[in-house]
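Quick one: structure below, then a few questions.
First chain written, first letter: the chains are A, B, C and D, and each begins at residue 1.
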Amino acid sequence: MGANTRTDRMLPSQFDDKLIAAIGLTLLAALIPFFVSEYVRTLIQRCLLWIPPIFGVYFIYSLLRQVHFAQSIFIGLGSYIVAFLAGKYFLTSELLILLPLSLLACVVVAYVLGIFIMRRTGFYFAIMGIAVTMVFWSLVYKMRQITGGSDGISDIKNPTLLGIQLSEQGFYYICLLISVGLIVLMYRILHSPFSMQLKAIRGDLQKAESIGIPVHQMRRLAFVVAGANAGLSGVLLAFLYNYVGPTSFAWEFGAQFVQAAIIGGVNYFVGPIVGAFAFVGLEFLVSTWFPNLWEIVIGVTVALVVVTVGEEGVTGIAKNLLGRVFKGANLKERTYSDGK
Amino acid sequence: MGNNQGPVLLAVESLRKFFGEVRAANDISLEIAQGQVLTLVGANGAGKSTFLNMLIGLVRPDRGEIRLEGKRITGLPPEQRAKMGIVKTFQLEHVFDDMTVFDNVRTACLSVAGKHYVMFKDVSTEREINERTQHILELFDLARVCQTLVRNLGHGYKKVIDIAMSFAMKPKILLVDEPTSGVGEEEKYRIMELMMNQIRANNLAAIIVEHDLNLVKDIAKETIVMHEGEFIARGAPEEVFSQDKVVEVLVGRGF
Amino acid sequence: MFMRKSKALVVMLTAAMLLVGALGAAASGEIPSGPIKIGFAVPMSGTATSLAPDAGINAQIAVEYINKYEGGILGRPVQAFIYDTKGDPQTTVDVFGKLIENDGVEAVLGCLSSSTGLAIAPRVENRWKIPTLLLEATTMQMFTTAVPNPKYVYRIGPDDVMQSITHVKAVLENKPDLKTIALGAPDYEWGHDVVNSFIKILAQFRPDVEVVYTFFHPFGEASPNFTAYITELMQRKPDVYVGYSWGTDGVAWHNQAKAMGLYGRIPLVFDVFAGTAKGQLAEEGVLAETRAGNAMFPPHELGYPNAKHAPMILERVGALPTYGMGVHMLTGMLYLKAAYEKVYALTGQYPTPEQVATALDGLSIIGPCGITSMINHQSTAPGMAVGKMHQREDGLWVMEDLLIVPDYMRFVPPWMTVDEFIETLGKIQ
Amino acid sequence: MLSTCLRYVLNSLPVVSYVILLSFSYSFILYICGRVSLTFAGIYLVGAYATVSLGMALMGNNMSFAGFIGILLLACLLGAAMLVASYLCFERFLKTDVHRMVATSSLLVASRGLVKVIWGTTPVTYSAPFLSMGVSEIAGNIVPNYYLFMLAVALLLMLALSYFLNRTCWGMRFRASSLDGERTMAQACGVNQNVVTLMTFAIAGVLAGLAGGLYAPIAGAAYGSEGNALLLAALSVIIGGVGSIGGAVLAAFIVGIARAVAAIKMPVLELAVPFIIASITLMLRPFGLWGKEFRY
């Protein structure tokens, strides 16, 4: 009986609602390049590429209640792999080689870092993330013979897929594909046994250990999942700008993902998506209207969001407003509902 | 009670743990056979919880050895010991507050099935796991509340859920730390009955820490009295509780 | 009678001229009405801000100057689009996209640091094709590897070799008998480049001089402690110290070095960016480069544009820039104005971006620092002169004994590589 | 050899003094109130700009020592007032540590923007106090007296705080509210929690404002210096341990000297070295070199 009530949430009608909405949004994103200017397309592309690293932050936050400031390590790692292979020592700009390669690199690095970082919690975890990021940053910055130091690596060739040079439009669709793919993947992971056990670890570490959950190993793997997301984004970001510099490794860059995740709302699965678009959009509008004031606006916005709605974020506000407008519309997107 | 006492399941040899001056465990040795149920009594601070925590690996002993079915498990982490069949429930209830009752038990079922790293399969569609979860919930009379968040449940329920999760682990030996502490008189007996039924039905070995001496007399043939990290008496409850030093230890503390 | 005739003649002539003018305007009639849009992509937040202080305000001032004193470009007032690059190359690419694709600007002035310049230059050449004036971005890589055959990308500011030659000449002039020298620079690519090329060029002129200490201090740390470097430097006792610290680094460096008595103990100090933050940062007798504080040297009083420009900056910012962003921006605007007018004069048509880009090369203008020319896509380093700081009786700091190195010694000719050119320097002497 | 070591110590003095003040400002709030609050870095900025602006406006180059002390006191008061105001108007509405961390760091970003609007981004400096104090020579090393003055101020303040916390009646109340985790015990014993919290924030504000005021004559007040201050202070707290005065001093010396040595011996690592030390400390001694176990 319990099992049945549990699977009730997957009743066809509700499942279809979500599926239809997802397909609709994806189609919209796919059609948008035909209607907007090149610049707006690039902007959307940037939002799309921001979604995976924000999902990493969201993943760590919603399952472990930790703030993950170290995403920029993996963005940087992916980007510099591209910079070396498709730029400085031009060997290949084949996406089918570069994506798996940087994924592998990120997984290995994330696993090793996870051994140290994931043993800490709370503020110590956050600072440890920043510290490790800064160590990476300063190494990349200082090894100027190899990495080009602060000048970075600028002559990155355009990406190819199966040997075919991608047009800018084509590249947009690759970004869309990977971003949507990762979102679907994250959805699956968040509903998987893995996530459920992570949530158990968050709830009670000792009990989790005593019912046989390999606590540390699983936390490390969560870090790997978050890092892999960011790594793939890093590859595409490098191609988007044809330039990679040490700022990809800067902790301030990683902190932006945290801000975006908070703005989006960490209680909802769509939070990271909303957050990416809200953050980039807000930045665009503010820097157009008051170029000198974006720090104040972004800072105050994030602070106010945290104070007023906490973890609900923009999604929560929108949900409340929409819920009032369309009474009865079921917008609930929590990963684990209370099942009533 | 008809236990068919089998071969030795858990063997503890001269286990020692000192916290500075405090002796939590001073050269304890113990053997438990399959199906043997022991109760452990002692005043607060006698070292009962530390002893159990050492058995499951949450506390690291200063010296000594623990063997499960002849295999040395002293240095193993808790999760591996749990897999090998030595599981503990906690004195202060340890449950996953922001999950439903169903998910709590399901987590244990997933864990015992070894599905830690399954990332691409929906939890709600794992049929075997769900059926087993459902079965355990029914055994412990939890099916009514299975979709309630544990946070919203009472103390007694949480105790039962904790025990149910331990059973879901398919243990060989169950360590129960004060299953009835802080629970009302009526519920106390209900919980104890639920638990003992399952222990007997599965012919498990168990160590049960309990304060209520009347309960102790009911549930086990054999009891151990612990004082300042040492076992000072062992035997049938009636017999043990009539010993002078035991009375002194237990009553002296206002028992 | 005569009077009346002449009056009529004047009226008729005026009318005829107006008519012709109107017809001409109608014929070529292509100067669009409304303001001309110019984009500025400058760092207004992040680390780079301290190095290009108040860049946004300076851009505004440059545009105001053009509108107020120069009558705009081809009579059209300039409308500025000023955006923040945060000093980050990837953001700069976004900002350029916004300026060019979204706002439709006709030309862009921007990019302070080499990295942002390197990120943007290839895109401008291949994709956007809009005249772009880089402010500084002095890396040698720019026109050697990043965009080897530039068409749209220009640079206002010296390249590393250019400025190092000036610096070496200035040091040799002021301290002919030097035996030992020490150099310090901020730790980023430009710092390394500039120190390396200084040493290379010095070796051409004076192979016997020994470099006793070089160091690279953290860059843009905002509240740095340089005591360790200063102590070490004074232990080595060099004859000359050449320091490239600037922005917040420069402020901290100056305070700490002065407190520890560096200026008294080392015979000649060349504080390249000795400038004027809000507060007192100049030292009597110290060498400085004119790129730093643009009102400190005579052109301020000689009536070049910055006689009007410098007071505008002082009024709005309260201090002259420690780094000549404002000067570069005004120079860039004047170049653009000259290029538009040149094309219009030649063709009678309102210029296309391509025509403006072509016309920029070879232009000469009177900029804030005197006459400068655009040669090989590079402006002859406005204010690339070195002088000694001196405080006059009225309290104003000026530069004396200005040394200006002739252009033939500063420009790498197109037929030579940089290294070949450096090798010839010793022979010129 | 000894003189070389001494030189590194002397070179690190300015950083040491301001890191002592800043890191204790941060760890004090964390220890007594159990709150993460990063606003102190913004107060550092305020202290620096206040000192420079007031110094230039009131005294110019005719510096008097008493006047400078007066300005420093003003900076302290300003810092205390602003941090208390930030607590009352903003921080007390934040529920969890994660929220506090994210919200206060966003507030820092906003405060940086505010500094830009008010003072612009041209660095400002008022170095008269620093320069007019002269130098002394210690074992062949030249040390500006101002560095010694700074260190003395920082250490004296730490001693005073230590006396206050350990020996006075009020200090006992502070420690009572910190040591027991739920903070209900102290309340039950009649300690007014609100007063303690406000006083904690005020003291932290004084420390942060003073750190800015003391360091500004050396390095100028500059847009963006709060980031550096934040990182150094946070790292020192991790190295030294939360709530420990000795730890704050020790960690500040470790960080300062390590950077001074790295600057000369191994420039590649100068920026990374505090982070490396902090990472290693976190791995080996999660609660700092001097700290007791502290969970929040």
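Heads up, the rule we're going with is that a residue touches a chain if its C-beta (ideal position, glycine included) is under 8 Å from a C-beta of that chain, and two chains touch if they have at least 3 such contacts.
This structure is a prediction, so every number in the text was calculated from the model and none was measured.
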Going chain by chain, each one touching the next, work out the least steps from chain A to chain C. 1
Of all the other chains, whose mean CA position lies farthest from chain D? B
Among all chains, which one's averaged Cα position is nearest the averaged Cα position of every protein chain shown? A
Rounded Å distance between chain C and chain D, as computed from the means of their C-alpha atoms: 39
From the C-alpha centre of chain B to that of chain C, how far is it in Å? 77
Quick one: report the Å distance separating chain A from chain D, using the average Cα coordinate of each chain. 34
Residues of chain D engaged with two or more neighbouring chains: 112-113, 116, 227, 271
Multi-chain contacts in chain A, i.e. residues touching at least two other chains, fall at 141-142, 252, 292, 294-295
Among the chains present, which pairs are found to touch? A-B, A-C, A-D, C-D
Would you pull the chain D residues touching chain C in the complex into a rising list? 7-8, 10-15, 18, 48, 52, 56, 61, 112-113, 116, 120-127, 130-131, 135, 141-142, 144, 146-147, 215, 217-220, 222-225, 227-229, 256, 259-260, 263-264, 267, 270-271
In the complex of these two chains, what residues of chain A are touching chain C? 37-40, 42-43, 46, 141-142, 144, 148-152, 154-155, 237, 241-243, 245, 247-248, 252, 284, 287-288, 291-292, 294-295
Using the touch definition up top, name the residues of chain D that touch chain A in the complex. 30, 36, 90, 93-95, 97-99, 101-114, 116-117, 227, 231, 234-235, 238, 268-269, 271-272, 275-276, 278-279, 282-283, 286, 296
Please output the residues of chain C touching chain D within their complex, sorted ascending. 44-47, 49-50, 53-55, 57, 187, 215-218, 220-225, 227-229, 231-232, 234, 247-248, 251-252, 255-256, 258-261, 277-281, 317-319, 321-322
Partner chain D, residues of chain A touching it in the complex: 61, 65-67, 116, 119-120, 122-124, 126-128, 130-132, 134-135, 138-139, 141-142, 252, 255, 258-259, 262, 292-303, 306-307, 310
